[in-house]
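Next come two complexes built around subunit A: one with subunit B, the other with subunit C.
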Partner chain A sequence: MGRTYNIIKYLCLLAWATFVVFPFLWALSTSFKDANAVTSGARYIPWLEFEPSVEGWTSLFASGSRGINIVTPFMNSASVTLLASIVSLGLGTLAAYGLSRFSYKAGFIKNSDITFFFISQRIMPPIVLAIPFFLMLKEIQALDTIFGLVIVYVALLLPIAVWVMTDFFASIPKELDEMAMIDGCTPIGAFFRVVLPNSTAGLVVAGMFCLIFGWNDFFFAFILTFTETQLLPVAIVSLNSSVTPWWSLSAFALISVTPLALIAIVVERFMSRGSLAGAFR
Partner chain B sequence: MAEITLKNLGHSYSTAPMSEEDYALKPVDLVWEDGKTYSLLGPSGCGKTTMLNIISGLLHPSEGQLLFDGQDVTQKSTSERNIAQVFQFPVIYTTKSVRRNLSFPLECREWEPKKIANRVAEVSELLELDDILDMPARRLSADQKQLISLGRGLVRDDVSAVLLDEPLTVIDPQMKFSLRRKLREINRRTGTTMILVTHDQSEAMSFADEVVVMKDGRVQQSGRPEQLFERPQNTFVGYFIGSPPINLFNVDVQGDSLACPALDLSGIPRGQLEPGALQIGIRPEHLSFSEPTEKGAIATVEACENLGIEQIVSLRAQTGEAFKVKSRLRRKIGVGSQLAVSVAEKDVLVFQDGRLA
Partner chain C sequence: MLKSKHFFLLPALLTLAAIILFPLIFTVRVSFSSWDVYQAGLDYIGGRNYARLMEDTRFWESLFRLSGMSFITVTLQYVLGFALALAVWKDMAGGRFFRILFLVPMMTTPVVMSVIWRTVFHESLGPANDILSMVGIGPVPWLSSAAGAFISVVIVEVWQWTPFMFLLLLAGLVSLPREPYLAAAIDGASPARTFWQVTFPLMAPISIGAIIIRLIEASKIMDTVYVMTSGGPGTATETPSYYIYIRGLREFQVGYSAALSLAYLVLMIIILTIIAKLLMRFLVGKDD
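== the complex of A and B ==
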C-alpha cells in the first residue's frame, strides 16, 4: 500500500517537474544549436542529434555588427529594478507600519480603504495605465529614461510592498511596540529599533516580489522606452526580426533568468532557516 | 518613583458615550501611594487593564486627569512617563540576546555603556539571570521570558511605578510563588510602587499592601486585604473576596431591629436605614456549629468538603436558605445530620440594597 502510494506520488512529482523544467532545458539546448539544427525539425540531445556550437553565447558578448549588446540592457534592467524595489520597499514598509498601527480617518475613508486603494492599483489592467503614464512622462521629459521607468515601476511595486508588509506587521503583536515605548522609545524609534529587526522575513518576501515583478515587466518597458534605455525583456524581444537568431535569443533569455534564479535559491535558504516563523510569545 | 493620582479619571472606547454603560472605566478618584504594593482585582473585562494602560500612557483617557507627584501627565507620552509595564504574555525582543534585552531601555535613554553594563549586572543578579545573559532571548522558557520583561522594567533606576498586567498567568504554580515573593522583595529593596492586575484573589491578597476591587468599570472598594475581608463595602466584594464567598441571609424588620429566621437571630441593630432590600452577610469562617440543643438555629448538612486542615460544610437552614461554614477539621460530619449554628454578633454585616449599612 505505502509502496504503491510512494511510486504514484513520485511519478506525479516527476511529471510536474518535467513540465516545469522542460522549457528551460529546451532553451538550454537551443542556445547551443546553429541555424541548421534549429530549422531542420525538433532535435534535443547535443552530439547525438546535432553538433553543438557556442555561437549563441559568443554572439552576446561579441563586438561589431555580429554582436548583440547584452550588457547595457542588463545594467539598465538592474538599475531600474533595484532602484524601484528599494524605493517601493522603503515607502511601502513605512506606509504598511502606519496602516497596521494607527487609525486614520478622512470622512468615510478608513485604514482598510487606504490599504485597498494601494492594492487596487494592481487590479486595473496595465493597458489602462499605459496612456496616462506615457503622457505624464512626456510632460516631465522622462520618456526613454531610467528615471522615468523607476517612477512608473515604483507605482507598480509599491502596492505589492504595502500588501505584503501590512499583512506581516499585523502578525507582529502590538505589545512589542508598546513595550518599546514603555522602555523609552519614541514611536519612530520603536519601529526602527524593535519592529524592523523583527521583520526581516517579511522584508525579504516583499523585496523578492518587487524584484521579480520589476525584472520581468515587459509591457511598460516596451511602451515607455524607444532606443536610449532598453531593458532586458525588450532587448530579447527585439532580437525577433526577419531571421530570428534563436540560439542567441535562448542564451539571452537564460542569462536574464539567472539573477532571479539566484535570488530564489538564496531566499529559499533564508526561509528554510525558520526565520519566517515569527517566534513571539 | 512617584505618587500616582487618578482625578475623576474615566475612559470610554466609544467617541460619544451616551450613558454610564459606555464607559470601560467609570470616572474614579484614587491615589496610589509611593512605594506601596497594590493589587487591582476584579473579574475579566472589569476595566483593570484599561486603567493600567491609562497609567502607562498606552491609552489616553477620555476624561479626567492623571497626576504623578502632583504633575499632570495626562497628555504625556508613554516614554516620558517612565513607567515599567509587564504584560500578561511575555514580550521580549526576539532578535536580541538576554543582555541586550535588559540594556535596551537604558540604550534608549542614552546611558554610557559602562553604566549600562553595571546596571544590567545588578538587575540580572537580582533576578538570577546571570547564567543565561548571553543566550538569544527567543530560546528561553515562558517564565524566564517573563523575568526578562520584568527586568527591563527594573533596570531603569528611576521608574515611576512597575505595572504588572497578570504577569503570572503563564508561569507554572511553583514558579508563581517564588516570583511573587521576588516581586515583594524587589519592592522592599527598591521602594518601587507596584501595581499588580489580577483576577485571582489569593494572588492579590498575598501580594499587595492594598487591594483595589473593581467590577463593571467601577472601583468597588480599596483597602488592606483584611479590611476587604472583615468589612466588604458591598455584597460583590463580600462575594469576590474570600473562599467560599460570604453567606447572605434574608431578614425581617422588627421595629428598630432586624431578625434573621434562618439563624434564629433577633435584635440585630438596624441603625439609620432607609427602606430597601435588607440582607445580612456572614463570612463562612465566622459561623460555628455544634451538636443540636433545645435552643438556637438548626440546619441540615448537605455536603462536607475536606480540605485537609479545614472543612467546608454546606448547610441548609430550616427556612430553606443554603449557606456554608468553614472550620478547622475536627470530626466527621455525616450528610443529612442536623447541626446547631451560631455566630457572634460583631461578625454580622448588614447590607442594604447590596451596600454595607
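== the complex of A and C ==
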C-alpha cells in the first residue's frame, strides 16, 4: 500500500510542478522566437520547432526606436521597493516592539485596537485611496517621482511589517530585555543592544514580505506615475497594450520576476525551521 | 518610562495616520459632491450619489461576481494548498525542491504573469488550445467568451495564490505538537482518521487565518482582471475594483466613484467579519 501511495503522491506533485513551471517555460521559449515563429501557432522547442533568435533579449537593452528600455524601470522599481521596505521595517519594528512590551491607553483605545488599526489597513482596496492619493501627491508636487511612490508604498507595507513583527516579539521572552534593564540599560538601549540583535529571523521574514508586496504592486504605480518614474509592472503593461512583440514581452517578464523568485529559497529555509509559524497566528 | 514607550509606537502610528486618514476623510467628503469631468469641486449634493448607487445594477452584479469568484478561487487554493502541504510535510526525497518550486508563483508580479498567461490563453497562437487539441478538445474561446474569461481568471488566481495557502499551512504543519500523533499511532488510527481527528482540528486556527487573509486579498482583485480581460467580454469579469476604476479614473466621475468605493469598503468589512465569525464557529466550535 505504501508503495502505490508513494507513486500516486509523486505523480500528483509532478503534475502540480508542471502547472507551476509551465508559464515560465513558455515565456522562456517565446523569448527566443521571432515574429515568424510566434504567428505560426504554438511552438515549444527551439531548433526543433523554430529557429531561435535573441532579438527579444537584445531589444530590451538596445537604444533607439526599436529598443525597449528595461534598465530604468528596473532601477526605479528597486529604489522604490527598497526605500519603502527599509522605512516600513524600521517604523514597523519599533511599533511592534512597543505594542508587545508596553501598554498604551488613550480613552477606550488599547494595544489590541492599535494593532488592529495597523493590520486592518490591508483590507482597504487600493481603489478607495487612488484618487485622494493622486490629489495629495499633486499638491506636494510628488506625482511621478520616486519620493511620492515611497510615501504611498510605506502605507502599503507598514501594516505587513507591524503584523509579522508583533507576533515575532510576542515569541521572544520578556526576560531578555528585563535582564538588560537590570544591567542598567534604558528601555531604548535594551531594545537596540539586546532585542534587535536577536531578531534576525523576524526581520528577515518581515523584510521579505515587504519586498514581495512592494515589488509586485501595480495599481498605485500605474495611477501615480506617467513617464518619468515608470516601474517594471507599469512598463510591461504599456508594452502589452502596444504592438505586443511577444518575444520582448516574455524576456521582459522573465527579467522582472527572477529577483523575487529567488527569495523562495530563503522563505523555504525559514518555513522548514518552523520560524514562520509564530508569524501567522 | 512614558517617553521611551512613545518613542517606539508614535513614529509608525503618526506616519500611517498621516498617509491614510486624509485620503479617507477626503473620500467621504467627495462622495457627497457632484465632482466630475465637467466640474471639479466640492459642492454638496446630499446623498444623491448613494441613491444612484443603490440602483446601479452594474455595481451589484460586479459584487456578486466577485463573491462567486472569491469563493471558488479561495476554496480551490485552500484544498490544493492543504493537499500539497500534507504531501511534502514529512521528509521525503526531493522534498526541498518541491517546497521551493511551489512557493515561486506567489513571489512573481501578478500583472507580469498575467501578461504571460494572456499569451498562453491566446486562442490561435497560445499553448492552452494547442495542448487541448492534442486530446481532441476543440478550440476553447478562453478570453472572448464570458465563461472562458471567468475560468481563465480563476486559473491564474489559483496558480498565483495557492502557494500562499501552501506556505501558511505548511508553516503550521511544521510546528504542530507531536504528542497527539503518538497517541493516534498507539490507538492504531488509520491515516484518514488521524487527519480528520488530529491534524485538521489542530490546523483549524491557522486555516481560518489563511482563508481570511486570502479572502481579503481576493476581494481587492484588479491587476489580473485589468491585464487579462479588461473586465470583459462585456462586463463578464468585471469586479468592483475594476468598475470603480472605470467610473473614477476613466470617466472621472470622482464624486460617484468615491461613494461606490466607500460602499464597497463597508460591505467588504461587514461580509468578511460575518465569514470570519462563521468559520470560527464551524471549525473551532467557539465564538470569537
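By our rule, the second predicted complex is superposed on the first by the 263 of 281 C-alpha atoms of A that agree within 3 Å, B and C clash if a C-alpha of one lies under 4 Å from a C-alpha of the other, contacts with A are read in each partner's own complex, and residues count from 1 in each chain.
Here is the rule we use: a residue touches a chain if its C-beta (ideal position, glycine included) is under 8 Å from a C-beta of that chain, and two chains touch if they have at least 3 such contacts.
In this text, all values refer to a predicted model and were calculated from it rather than measured experimentally.
In the superposition on chain A, contact is made by A:198 with subunit B only, not with subunit C. Once the two complexes are laid over each other on the shared chain, residue contacts for A:145 go to neither subunit B nor subunit C. Once the two complexes are overlaid on the shared chain, A:175 sits against subunit B while remaining clear of subunit C. In the superposed model, A:186 makes contact with both subunit B and subunit C. Of the two partner chains placed around the shared chain by superposition, neither subunit B nor subunit C is touched by A:79. Comparing subunit B with subunit C, the partner in contact with more residues of subunit A is C. Look at A:264: by the touch rule set out above, it reaches subunit C but stays clear of subunit B.
Contacts of subunit A with subunit B, set against its contacts with subunit C after fitting on chain A, overlap at residues 186, 279-281.
Residues 56-58, 77-79, 82-85, 87, 89-91, 93-96, 104-105, 108-109, 138, 149, 152-153, 156 of subunit B are the ones that touch subunit A when the two sit in their complex.
Contacts from subunit A toward subunit B in the complex involve residues 173, 175-176, 178-186, 189, 193-194, 197-198, 279-281. Across the complex, subunit A is touched by residues 1, 4-9, 11-13, 15-16, 19-20, 22-24, 26-27, 30, 80, 83-84, 87-88, 96, 98-113, 115-120, 124-127, 129-130, 159, 167-168, 170-172, 174-175, 205-206, 209-210, 213, 216-217, 219-220, 222-223, 226-227, 240-241, 244-245, 248-249, 254, 257-258, 261-262, 264-265, 268-269, 272 of subunit C. Residue ranges of subunit A in contact with subunit C, taken from their complex: 9, 12-13, 16-17, 19-23, 26-27, 30, 38-39, 41-42, 44, 91-92, 94-95, 97-99, 101-102, 104, 114, 117-118, 121-133, 135-136, 151-152, 154-155, 158-159, 162, 186-188, 191, 212, 215-216, 218-219, 223, 232-233, 236-237, 240, 246, 249-250, 253, 256-257, 260-261, 263-265, 267-268, 271-272, 274, 276-281.
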